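Heads up, the next two complexes both have chain A, just with different partners, chain B and then chain C.
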Partner chain A sequence: MYRINIIDARGTLHELEGADGQNIMAVAVDHDVPGIVGECGGDMSCGTCHVHIEDTWQQAAGQPDADETDMLEVVDNLQPNSRLCCQIRMSSSLDGITLKVAGTE
Partner chain B sequence: MASTSEVEERADVVIVGAGHAGVQLVSALAKKQFAGSVVMIEAEEGYPYERPPLSKGYFSGEQQLGDILFRSPDYWGNSPARLMTGETVIRVNADEHLVETATGRKLRYESLIWAAGGNARSLPLPGADLAGVYYIRTLADADALKLRAEKSARAVIIGGGYIGLESAAALRKAGLAVTIFEAADRLLARVTSGPVSEFFRKLHVERGVEFRFGQSVAAIIGEGAHGVTGVRLASDEILPADLVIIGVGLLPNVDVLAAAGCATGNGIVVDEVHRTSLPDIYAIGDCASFASAGGYHRLESVPNATEHAQILAGVLMGEQPRQRAVPWFWSDQYDVKLKTVGLLSGHDAVVVRGNPDSGAFSVAYLRDGRLIALDAINATADFAQARLLIESGAPVDYERLVNPTIKLKDCTTPRVAA
Partner chain C sequence: MTSWTDIDDKLTDPKFFAGTEYHDLFTYLRKEQPVRWTDSSRYKRPFWSVTRYADCLRLLDEPELFSNQLGPHLPPSGRPMTPEERYAMGMDVQLVAQDPPVHQQMRRPFNKYFSVPWVSKWDDQCHDIVDDILARIAPTGKADLVEDIAAQLPVNLFLSLMGIPREDWQRLRDITLTLLHAQDPEHNAGKDPSTVEVNAFKDLYDYLEAHTMSRRGQQREDFASLIANIEVEGKYLDAREAAWMSFAVVAGGLETTRNAVAVGIMELMKRPEQSRLIPGNLDVCKSATEEIIRWVTPSKNRLRLAMADTEIGGQKIKQGDWVVGWVVSGNRDEEIYPDGQEFNILRANNKHLGFGDGEHLCLGRNVARLEIQILLDRVFSAFPDIRAAGEPEWVASTNTAGLKRLAVEFTPRSIEQVTRKAA
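For the complex of A and B:
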């Protein structure tokens, strides 16, 4: 299990654990983290798992592909460190990743 | 000893149905730190699961049960919401604020949320109850179907809607011969336009699916333990088949509430905040015929169920009702992703953006010069931008719309300064 730190819009830190290969959105909704809905179940079709990756983790998390970039173009609060977290799967290189919820509900 | 009529549980919120609407409501309330007690009653056994994968990844075997559960078992263990599975609600007493289940349990509610979805519409065909004939609504359906498909060579699908088409894609991947019967003269006739119908017809034909348009199955033939061996058409032609899938729509679950005196039409009739005609009873998801923009809609989709749940959660928390989001939908068939946003009824113009033969294009539906809906086939940017354009109601420039190299969001008509 790997550690995931998610800070919600109120500043509350949620310290979670995800299994190898598990996407971050799935972990977040399993803990009712406010602001992450995951409406489409991880199909990258809804934009409701929008997060900002903390600077030190940006490289490890990687860049969005073309489709994710298209979806991100229309979310509120788009920043260079924006990702849809259903597209980030946990691995040892992401152990301890910290990110902030970007969306509101 | 207390008589059964005195033995009752109570909860502030009782949710009937642990499908997409019910589960999202539980989550939304938890995120808002709802202080009341919540009980969710579900007829099926087992942990709540997502339905779209039943005709996609779960059907094809790419996903296992663990992949399609809404939440982990730990979630339900930790949740203050209580999950009651294997219990079917058979009666609602609106005056007494009581629900009763088939096993005789009674619960008293402050607020009752009917999120009971519906059942696959059955076809009164001779032979429809033979072994090897399936609807796809539940996990049990999908499991039985998968087992049968492993031993089958030929499948017949009755109904060329999304369920039928997605199942066809999964069955073709598994190597079965597939024939689809569609009563109309094109696919998805009620929900999309000619160009999109034609795209999907070609897509499936290229993958080896046979279509029979305007023809119908008169009887399913077979017998005994083996069940289905074929279908007989009105013309008396017989098509051999080892497996039949019927996908002809959903019957919303209305009987129990109707018996309780609730207004029903095409589903449970609700207002803008999902209140039914009975006090303290709400309805959300596939079963709800909801008021919107001067009319009523009943939409069978996951985004619709989620949206209803979000709206109702706000209502139950006493918040200002949020504005309804534009409806949207998705379907995955082979390597094609269809995403649709808005509702096209009432459109007066159709604009195709891009070339369908390229495998990536979109179709825009306009009314009075404004975008009201869009079908995007492998066209994520158009899909994403269409939602904003539909919400804003901005007039669009036809000449630019027709040019797929111009971004959709740049197709609005420049406003003339006063």
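For the complex of A and C:
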């Protein structure tokens, strides 16, 4: 299991664990992290798992592919470090990743 | 309980579904024969009826095995469609009738325009339309729940979003009513329901093809322009693909939403201890919306074609069999919802099948949610004592679940009291 640190819109830190290959949205939804809804179940069609990756983790998290970039065009609060966290799967290189919930209420 | 012959007959009888008593039959089927070969003299083609949640989910989540090529639901009469009729209904290009990999190639470019962030831009537009709805009825103290309230928001919103001229709205609405209720004698005047359905399809298609293609090369803000100018795999949609996409946007969103909200408001009117929680409470509006979709399941069955021999619920399915997922039954499955026969707007963890699941998950689901949440909040805020003033009349259909009409009454209010513009 790998560590995931998610800071919600109120500044509350959620220290979670995800299995190898598990996407961060699924872990966040399992733990009721406010602001991560994952309404489409991870299909990149709803825009409700938008996060900002902390600077030191951006390279490890990687860049969004063309489909994810397309969906990110419509989210609120889009930034260079924006990702849809249903597309980030946990691995040893992401152990301890820190990110912030980006969506507005 | 009646004989199995009677049960098969009921499952193919639109009149049996006009009301709510059919839920008893599904409760029986889930227990006694959850996957049943339904063979009725009323319907020319037998099919598997699948009634449990887990089995319905398989039909939705395994698109390689269970194909959408037949179309979204059981056709209205048991007469198989001719190749000409299938072409006339756009089965070769409609999203609902596509399978992997073509389906996702066609659908993916549209997803973001139906995402939660995009749809939320229409919040003000929805409230403006609701202002007009409420202003028309508030001083009178009475209305028809379906025609005057539930039908008005989806029809006005989608036709507006599509950029369709106002003078054409009533004509288009009449066509979609016929289209979705072809089995109902009020809409088919005794003619063969499949013929009625095909003719209504053609009427809507012809209009939308002309309207959509008129937008090609233009950069207007409406959906018709989006569809006319979007690129799928680097190319524009051809005229038929574009027309049928417009068709899906118009027909898919209009009556299903109206049906869900009308029955939902009817159920809430009977339960003031629940309806009084709604005004001004977004969380309750959201959970109420999900419960209404579960309870009503505006599109009751989903049709699939088995592409290989397989097994569901202990029954052997042969390649070529028609397999019908009765999602309206899955949404009351005791294994998932032990209290599923209770209507509860505070229900949590409500992973209903009312919008389907898997890659064909309803594209318009977030639009429907926005509309229903807003209508519930505004109607129960404006008319806290709204109540039925007659008996509901149900649509007779094996697919659509909804009301034709229901008179309601409430304490009259002034326009200023119920609209936001005056605030």
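Here is the rule we use: the second predicted complex is superposed on the first by the 104 of 105 C-alpha atoms of A that agree within 3 Å, B and C clash if a C-alpha of one lies under 4 Å from a C-alpha of the other, contacts with A are read in each partner's own complex, and residues count from 1 in each chain.
One rule holds in what follows: a residue touches a chain if its C-beta (ideal position, glycine included) is under 8 Å from a C-beta of that chain, and two chains touch if they have at least 3 such contacts.
Since this is a predicted model, take the numbers as computed values, not measurements.
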Which of chain B and chain C A:D76 touches, first, second, both or neither: second
Which of chain B and chain C A:E15 touches, first, second, both or neither: neither
Which of chain B and chain C A:D55 touches, first, second, both or neither: neither
Partner chain in contact with A:D32 - chain B first, chain C second, else both or neither: first
Those residues of chain A which chain B touches in one complex and chain C touches in the other: 37, 39-41, 43, 45-47, 67, 70-71, 73-74
Chain B-facing residues of chain A, complex: 29-35, 37, 39-41, 43, 45-47, 66-67, 70-71, 73-74, 105
Residues of chain A that touch chain C when the two form their complex: 37, 39-41, 43-48, 67, 70-71, 73-76, 103
List of chain C residues in touch with chain A within their complex: 108-109, 111-118, 357, 359, 361, 366
Residues of chain B defined as touching chain A within the complex: 24, 27-28, 30-32, 50, 52-53, 71-72, 74-75, 302-303, 306, 310, 328, 330, 332, 337, 339, 380-381, 383-385, 387-388, 409
